[in-house]
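Structure first, then comments.
Going by the order they are written in, the chains are A, B, C and D; count residues from 1 in each one.
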Amino acid sequence: MGRIKSKHNNRNFHFMVLAMGLLLLAAALLVMQPAPAEADEGTVNVGIMAPLSGPGAPWGIATARVLELQFKQINDAGGVKVGNKVYKLKWYKEDDKYMGSAAAQAAARLIHDLDCKVIFGTNGSSPVLAMHPITTDNKVPVFCNSFADDAVSPERKYNFRTSMTSHQYAPVVWKYAKGRWPEIKRVAAIGQNDATGKEETNHIKLACEPLGIAVDIELFEPGQKEFYPLLTRVLAKKPDAMDPTCCALGSASLIMKQARELGFKGKFISSVFLDPTLNGPIAGFDNIEGSLTVTWDLANGSPGERAFYKMWCDNWNPKEFNVSPTIFYTGAEIWLEAIQKVGDIDADKVRNLIESGHMFNTTIYGKVKFSGKDYYGVDHQLITPVVISEVKDKKLVEIWRGK
Amino acid sequence: MTLQMFVQSLINSILSGGVLILIAMGLTIILGIMKVVNFAHGEFYMLGGFGIWWFFAEHGLNFVLALILSVTLVGILGVAIERGLFKPFRENAFPSLIISCGILLVFRAATQLSFGLVDHAVPTPEAFKGMIQVSGAFLSKERLIVICITLALIIGLYVFIKFTKAGLAMRAVSDNPAAASLQGMSVDRISSLAFFIGSVLAATAGCLTGPIFYVSPTMGAEPGLMAFVVIVLGGIGSITGTVIAGLIIGFIEGFGAIPFGTNYATVMVYVVLLITLIFKPMGLLGHAEK
Amino acid sequence: MPLLEAEHLSIRFGGLKALDKLDIQIEEGEILGLIGPNGAGKSTFINVVSGFHKPSSGRITLNGENIVGLRMDQIASKGIIRTFQVSNLFMSSSVLRNIQVGFHLQSGIGFWGSILGNSKTRRQEQVLHEKALEISNLFNMGHLSNEMTANLPHGHQRELGVAMALAAEPKLLMLDEPVTGMIAEETLRFMNTIRAITKKKGTTTLLIEHDMKAVMGFCDRIVVLNFGKKIAEGTPEKIQKNQDVIKAYLGEKKDAQNPGPAS
Amino acid sequence: MLKNRRLTPNMVLLVIAILLILFPMLSGNKYYLRTITTLAIAIVLTSGFRLIALTGQLSIAQAAFMGVGAYCSTLLIMNLGWNSWICFFLAGFAAALTAGIVGFITLRIKEIYFAIATLALNELFRLIWVEWDTLFGGPAGIVNIPSPDPILGIHFGSVVSFYYIAVLLLFSATAMMLRIERSRIGLIFSSIREFDTLAASLGVNLIWEKVKAFMIACFFAGMAGALYAHLQHFISPVDFTLMDSVMFLLYGVIGGLESVWGPAVGCTVMIFIPVGLRLIPNYNPVIEPIIFGGILILVMRFCPGGLVGLFQKLVSDLKKTESQKGEQEHAAA
């Protein structure tokens, strides 16, 4: 290493520098060669951003599958008519790896290099917050799913959330639960120790305290599988009910299984997501029987929901179904309806339409609109119907539907 | 802390420690004998889990048969990787570390692509179902069985290393590969054997914990990391050290979680590791070379 | 006052007493030979003085200042430099770089000078470079100065070890069996070089050698160890006639069938 | 081109420098500007990793020190309103100071033990940022980090300006690394890695020298972290994880740790491979980890010296055959 005085090595050094030069040159050539992918006449570029690798991959891959099919179907049907022009969609898929830095880089590619006019994605708070400076500066609408309150705010001018969060769900489900079981006095909210889990458990606390229910929040490191120590601590406080769902599906299932093993007899009430077909195999069907949740059975839902579920089952393994695609599918539906309505793909016009409280008709949920001004300061939160279901005989049974 | 909580924490600690020891044991053998830094060790644990899921849950094989089959296959895969990739890099940390990182990425992505997107449940075999109650504390039968098997494997491994010819050869190679090969021991064969045992132990842990937890492509990440913490805390190459360190970490997780919560227990594990290393730079029972 | 004084120095490894209440004085400017059969504790003495091992009890003073308990580099910076028994060198570096590491204590180039690389530093570096060449020339290795150390023949490797130590301009140079594996002519030439240099610079030297015959002609004074104890001390002529010394070497020959000093 | 022996290393460096400086004018593509900005940050971090590796220590905590810099500068700017350029340097000093304190305690640990200790350190730092949410914003991180303050009316907010800051940082870090390489410090560092006892016996203070290397590396890591915070306008604990630290290690070893150019080559290749792959039509990023892992395995299996090592070997083989040919001709004549 660095035997600089030696003649022989001086040459090596020499060649090393040359090698680096060549590499950089190659890189530079690579960079300069392709002109930015200007959209062809008659096509509009759209970006799909999803965690295609890493811990969020199950959601991301499912999302990408559905969106690609959705765009293909639209193109096959002739495209979208915007104003008096008909556009075909050209989509680009990017991997945010469920990481902020990767999401920012991916957004830069979609926007600067591929000239995408809209981004559908992504899951997770950190990626959505990290890509905000790029998307907002370049006026690209983002239809996202992030449970962080911060993802929707006045300065994030073009961020729209097409999923309801525990902030909307928790008050409804806990009010219902308290009405039905007034004996619930103490609740344990268990969540993953990341931005999402922290926000969700906090939402539960905010929803429960006005109802006279004490909330113990317990957080754990993502990826943990052994919850006996945590549950021993939680159960010592003798909670009457538990919301274990502010975390990944597998973790939530394990918490429910292990809580029952440790003798927990109370109800599981979920303000986030609980589906016996998905949670059941890991959690044990007996363990989650009688739980209350805001999830509902798409297969028995509204006509749009039924059609959506059928589309998944026709193309892919029903076992791999999760809710993530519905969120972005809805986002795409809304954006497409909006650009057709305003007759332009301009982000400001789309934003104005959404903020005007326009009712969107074509979504899988039926008629929906954006709201949220009183809490987030801006109407960028999609409001979908809240449904409360109960787990009965290993199935979700709808017991209450809001308007 | 009530008696019930104490007993429960005790059981929790032993279980989390036991599984950790099982995984770390394989790693300490590989690292101790071949001086190969295998960051992909957790992936053998993951493959073991997928093995039991594939044979037992998907294809309805008998649990024990499925376990043996899956463990053997992972062991053979381990030997193949050792022969094909690690062999030139014994005693050489950097390349082996990089290669193992590559293996980790490939395995994880490949399982994700081939076995789909959901976490797979492995049902508990009928015979292992049910709970046992000890002075108010709960212990499921499946966990009890895991503790028993872990204990048996630890003792078995200890006997194997201390008293059998192959075990003696392993220790000799670990101390001084050059001298061992001069005495006619085949370093190649012993390394392969070590890697086989290492991957088998990790895969066994994966199989046994499959029904308790679930099986997913990223399940190896956390145990793989903690296994390194365990062996470094205990001293690389020392089986007793690994057992002690595994129990220490198990107890920190089991008892530390009660007053502080599990995330602070994780902080405590790392703090204990750092403090131990400051005072004993070669781990608790590790000894300096030379 | 002696340059280095060890008083009642003891160290034990397990149950074995490697050094047993040893008293040794080294006078300024002399070449002291420390000899003894295998396992007599000669290398242990160097290890203890250089700070590699910590003595169980006893004192070591350099110019009256206690040095027990200091780190190796602190002891080195006080001017005690040692060589190693086997060829311990920076094998994948060039000969010149090896010698330049030896300049560490003398270089006078500080951290910022080194980082900034200003003209003063460059001049200093040039001076060091020339000094390194000079030292390699002293050992007839000038033509090898850019060679990789691992490629050197054994004899040159031994010489390089001493060259590095000399580069550090020690007050006390401790040579641990420097001529092992050399043939007689090489030994003679090498020992003469060392004696010439150290005498010229006034460097005090402690020479450890297993081969009694090899050191006789070079040392001013000799101390003989056996089983960690001093059994004789005096001029080479006196030592050669000492009955205890002869017995120690012959005894060893009988027990371990080791080729003795005469072979 | 290879035969042009007159091409000095400095000339090539100059060409690279000019290319990098002119690049924003040649191509306005902000995506590539951003990619090179992240590349520059990665090279700075990886060079630091290599510097520590030069003393024989394997640090898996570089991302954490990058985070120390990022959080330090962000908090000073956002809470106390200090000038961002002062904070930029303070970030470096904060990271170096942290490294110094941590180093004095941990650097006597060696080899894999040290690697795992730094790994624990990285996790500890992350957990501190996660748990201490009143100061560090918790897992949600800190949003809306402003762009650097203007100097003499020049505003720094665009991708191009970040690009130039990053290139400047890259140049100064590389100049520093080169200087260290060629100076006595580098000599002493590598002597520790080769044989620490011998170095100590010649008066080298092992701990202090290792701490020095650690501090220099972390100084640049901290500055890179501050730049990263400005570039992203958002930081959270997940930006500085163990996985990122391992990445810098991978980049370094793939490039080759023996050479001062290794980190640059490793980072360039590994960061531009995914970029290049995306030019393939209908490329599916899902398989990227497999490609990435495959490259790691292949490169290490067939050239453990890394890419620079491979290149050096090829060149020396070429020269050997050339000189053999020359000898044969000579003999024939």
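Methods note: contacts are C-beta pairs under 8 Å (C-beta built on N, C-alpha and C of every residue); 3 or more make two chains touch, one makes a residue touch a chain.
Worth saying up front: this structure is predicted, and the values here are computed from it rather than measured.
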Fill in: Busiest interface, counted in C-beta pairs
A-D
Discussion item. As a test of understanding: of all chains, whose mean C-alpha position lies farthest from that of chain C?
Written reply: A
Discussion item. What's the distance between the Cα centroids of chain A and chain D, rounded to whole Å?
Written reply: 33
Response to the item:
chain A to chain C, mean C-alpha position gap in Å, rounds to 70
Worksheet item: Distance from the CA centroid of chain C to that of chain D, rounded to the nearest Å?
Response: 42
Fill in: Residues of chain D touching at least two other chains
130, 182, 187, 190, 286, 288-289
Item to complete: Specify, in ascending order, the residues of chain B that touch 2 or more different other chains.
Response: 109, 263, 266
Worksheet item: What residues in chain A touch two or more of the other chains?
Response: 1, 53, 57, 61, 193
Discussion item. Under the definition above, what is the set of chain C residues touching chain D in their complex?
Written reply: 50, 52, 71-74, 76-77, 81-82, 84, 88-93, 97, 100-102, 104-105, 107, 109, 111, 114-117, 121, 125, 128, 164-165, 168
Worksheet item: For chain D, which residues count as touching chain B in their complex?
Response: 58, 105-106, 108-113, 115-117, 119-121, 123-124, 127, 130-131, 242, 246, 249-250, 253-254, 257, 286-290, 292-297, 299-301, 304
Discussion item. So in the complex, the part of chain B that touches chain D is made up of which residues?
Written reply: 31, 37, 39, 85, 88-89, 92-95, 97-99, 101-106, 108-110, 113, 225, 228-229, 232, 236, 263-264, 266-267, 270-271, 273-274, 277-278, 281-283, 286
Item to complete: Note which residues of chain A are touching chain B in the complex, please.
Response: 53-55, 57-58, 61-62, 193, 218-221, 223-226, 228-230, 232-233, 236, 249-250, 253-254, 261-263, 278, 281-282, 317, 319-320, 322
Worksheet item: Which bits of chain B are touching chain A when the two form their complex?
Response: 2, 5, 8-9, 11-13, 15-16, 109, 112, 116-121, 123, 131, 138, 140, 209, 213-214, 216, 218-219, 221-222, 253-258, 261-263, 265-266
